[in-house]
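After this come two complexes, each holding subunit A, first together with subunit B and then together with subunit C.
Then we have the complex of A and B:
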């Protein structure tokens, strides 16, 4: 009798132990496999490759920190860095404030708000490649519709080379980015605004608060964490910017719109087939991008949104 | 004039100004898209003369359809997206369920490792991935491209599915077990059917991500015939540099599949995308 209880008990224990470890393990295994094979392995290789010189054909040689030392003296790298800072700061400022203001207007119980939201959201679903190509046609100096429009309005003096002008190229790209992302950030703000209790606004109105006061002293403080998320998202997006810029200018003219992403790509895959690929050096640039975006990703997770997502 | 009249007038002026602003903004937002639609149905020599086409000319669509071999590239995109989305959905649903429903030692740590994967930018692994696919003989194949885009995507999709499963009541599983379900049965018969909206959101989000992806697609597929739609369009702009009518038609045809999904499932679509805001 006693023996059988013990057996029973240990059997039970065994089953619960199995449940505890094996069941989750079985459920996690497929995802873990793909994460290991297609993120972890290449990531480790990237870190190692940053310390090597390699043209992709001959065997790689270890050169320690040489790639990173060379980066520090590379004018194009610093130019790209400067452009990334310029682009990131500008897009972050505009792509936070403008969507916030527009979401606020659309949240004021206006008729037709749904239609406006739908329209502003449309560019979001289109790929960065397609919008890049579309705007490249629009900005084209000789045949582009933008200069055409200016000419037909009698503003011939205002026509520009746009993407071919080294001072205008980044502002032009920023404008496209604002146009493309407006609907996305507007929706995030709009969704958050729906969560602000209505009686806050009502009691403020009774106290004589006008539209600006309500925005400044209720909406903005209530949206603080949403704003942080939007700012961080914009910052990460700016640091990683590649698709749209590559499609519109490939970093040109003469590096005027070069970002870390385009410079990395050019170094690795020789856009014009002009030089040998420097895979180690390009990977060092990739590691710089990784470090900067990790810093902001960690800030984002620290803001504490991770557990608040609801579908 | 009474005070209320004055108030009403101020109110309506304010409303008028607001609407004027929103409509102006709508014009700016819609103009590039409208221009693309208009250009795609114009005759070539009409492009620079007027905004509206004199008559609808759909021959551009036919021209770009054949000259660019669009069906081939659209098919390639669909194939890559199909493989990738299937892998991501299956693995992430299982993993998300495990994180939400099971208690096991080290759960939170493992979850953070999963999260960390989505903070890695594509650029960081672009070059090693190229070499890696080459060594696996998967470079310049659709399967290779589909696999290269699984890593970060699974991480994010797991995160979403976990969040979704956590909204479902625990009692359901216990009830299922009392009724004699195995753990697998609880997952398969009880929770999975309830998770459909979450799965739909992840599906849409992931499909759009793969359909619109450019950097990996343009790097890992080398043969022109194998190219997916985004790099194919990019390649073609050199050849059609001033044939704006054909190019516009091509861009529109590439947007169409996403646009249809968006129009049909707008709510899920926006949910999926804005949930993406909380991704690292």
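Then we have the complex of A and C:
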């Protein structure tokens, strides 16, 4: 009898253990396998490749930190880094504040707000490549729509070379990015605003708060976590900016709009007529992008958590 | 019922396991190129490939068309992944692949009679260290395409020299036209423009690209002079304002729309002009040689070959792939290719099948005015394309630009 009880107990323990550890592990295994095969292993390989010289043809050779040392002396890398900071700061500021303000206006009960939301959102559904091609035509200095429009309005002096002007090329690309992403971020803010209790606004109004006060002291604090998400998305998007810029300028003229993303691509795969890739060097650039994205994201998420407003 | 299910299951398993073995009986020859007229929808190209398959039962051909803008990254990835096709356009990788032993050295496997049938320029394009690593499928030559209506209206003739071009620019600009249209937003056309001018000033672009001769460098006098001339042309409004913000296609459109008197482009444009330009322009435009330094000088202009067949070395299919290349270059097949595409032929025998007069004329320049405009050396193309853009917008002096090219190329090679 006692032996039977012990057996039952051990069987029960075995089943419990199985249920507790092995079954979840079994269910997680397929996903874990794919994550390991397609994310973890390539990432480790990429980190290792950053310490090697490899042109894709001859066997890779281990060169330690040489790629990173070369990056420090590479003028184009630093130019790209400067452009990324410029682009990221500008897009993060404008692509957070402008959508927030517009969402607030649309949320205030403006007549036709649904139509406006639809119109603002339209550019989001167009691919970045198509947008880039479209705006490249608009910005064409001689017969492009923008300069033609300015001329027809009698503003000939305002016409510019746009993408061909090394001082204007980044602001031009920033403007396109704002135009493209406005609807997306506006919808995020608009959706978040629906969750703010109306009682807060009503109480504030009774206390004499005007529109600005209600926005400044209720809407903004209540949207802090949403703003953190938007800022993080914008920051990461800015650091890894590539497609629109590549289509519009290929990083030119003479690296004036080069970003880490375009420089990585140029170094890895070559431009239209280029050859001889530096895959190890390109991977080192990719690792820099990864590190920057990671650091900024962690900082912003932490800052967002500290300032979180709880109801 | 259970027995039936088991039999079906076993049959499925056997078929699944046997499928790879069965498929191995068939040899698949993979080819890759960027020519849209040779895509899988192309009747004439399919007919050519079918002709080869009829001679080789049990062989199938996988025809991969990759658009030019995506071609180089695709090829780079295939090289890195050790997945090279059997026969493909080598692009600017021809030298590296050949030197690395990944592609066939045609000098070793083809006889002299076969190799000597091609024009010198296109073959030279793919010759490195005396070895030929690609067979030119077509040739190319740059020139100035002229809108006759505008030139007639202004009483102008195509420029013989660069000074002529600078002198006529105000007349053309004052009439509201752009003298010479082209676009450099992708930074790939300016090197095509400036490299032959380096040859005009006595420079050796092959040696510059190679950079192994200590007496040759990118900051040498011919390079400085060529950059200075291009800057002169830009500052004298020979090109459109903001040329670095204009794409190659937009430059061509400006010419098609009758907004520029001339257009700088390659010998593939006649085929495009027929389809894209207004009928009147397509019927009447003509082509002129690149201007020279003086009327007596050679009108050096970019030539060579972009489309060169490279054969993957040391694979089970190498012999068959070489047979395919020989078949494609056989007189009967090559004539079909030229007849259908009206591309510039890489061999004299193909000229008989070119009906387009503009292409015929440009082909005749191959042996007299052809200069190198395609770079294969590490960092060469990136070095010159970036500086060239700065030369065009005047943000760098020719001396500083030449020094920057040299420094950038050396830096790229030291990595």
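Here, the second predicted complex is superposed on the first by the 280 of 311 C-alpha atoms of A that agree within 3 Å, B and C clash if a C-alpha of one lies under 4 Å from a C-alpha of the other, contacts with A are read in each partner's own complex, and residues count from 1 in each chain.
Everything below uses one rule, namely that contacts are C-beta pairs under 8 Å (C-beta built on N, C-alpha and C of every residue); 3 or more make two chains touch, one makes a residue touch a chain.
Please read all numbers here as calculations on a predicted model, not as lab measurements.
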item: First (subunit B), second (subunit C), both or neither touched by A:162; value: second
item: Partner chain in contact with A:143 - subunit B first, subunit C second, else both or neither; value: both
item: First (subunit B), second (subunit C), both or neither touched by A:215; value: neither
item: Subunit B versus subunit C as contact partner of A:294, first or second or both or neither; value: first
item: Partner chain in contact with A:77 - subunit B first, subunit C second, else both or neither; value: neither
item: Residue contacts on subunit A - larger count, subunit B or subunit C; value: B
item: Partner chain in contact with A:116 - subunit B first, subunit C second, else both or neither; value: first
item: First (subunit B), second (subunit C), both or neither touched by A:269; value: both
item: Partner chain in contact with A:255 - subunit B first, subunit C second, else both or neither; value: second
item: Which superposed partner A:184 touches (first subunit B, second subunit C, both, neither); value: first
item: Overlap of subunit C and subunit B interfaces on subunit A (superposed complexes); value: 56, 136-137, 143, 265, 268-269, 279
item: Touching residues on subunit A, where the partner in the complex is subunit B; value: 19-21, 23-24, 27-28, 30-35, 37-43, 45-46, 49, 56, 102, 105-106, 108, 110, 116, 118-131, 133-138, 143, 145, 148, 179, 182-184, 187-188, 191, 229-230, 233, 239-240, 242-243, 246-247, 260-261, 264-265, 268-269, 279, 282-283, 286-287, 289-290, 293-294, 297-298, 300-301, 305-311
item: Subunit C residues within the subunit A interface of the complex; value: 68-69, 72-73, 76-77, 79-80, 91-93, 96-97, 100, 102, 178, 184-188, 191, 240-247, 250, 254, 257, 259, 374-379, 381-382, 385-387, 389-390, 392-393, 395-396, 411-412, 414-415
item: Sites on subunit A touched by subunit C in the complex; value: 53-58, 67, 70, 73-74, 136-137, 139-143, 161-166, 248-250, 252-255, 265-266, 268-279, 281
item: Residues on subunit B engaged by subunit A in the complex (per definition of touch); value: 15, 18-19, 21-22, 25-26, 28-30, 32-33, 35-36, 47-48, 87, 90-92, 94-95, 97-98, 102-105, 107, 110, 114-115, 117, 119-129, 131-132, 147-148, 150-152, 154-155, 158-160, 163-164, 167, 183, 187, 197-198, 201, 208, 211-215, 219, 230-231, 233-234, 237, 242, 244, 247-248, 251, 254-255, 258-259, 262, 266, 269-271, 273-275, 277-278, 280
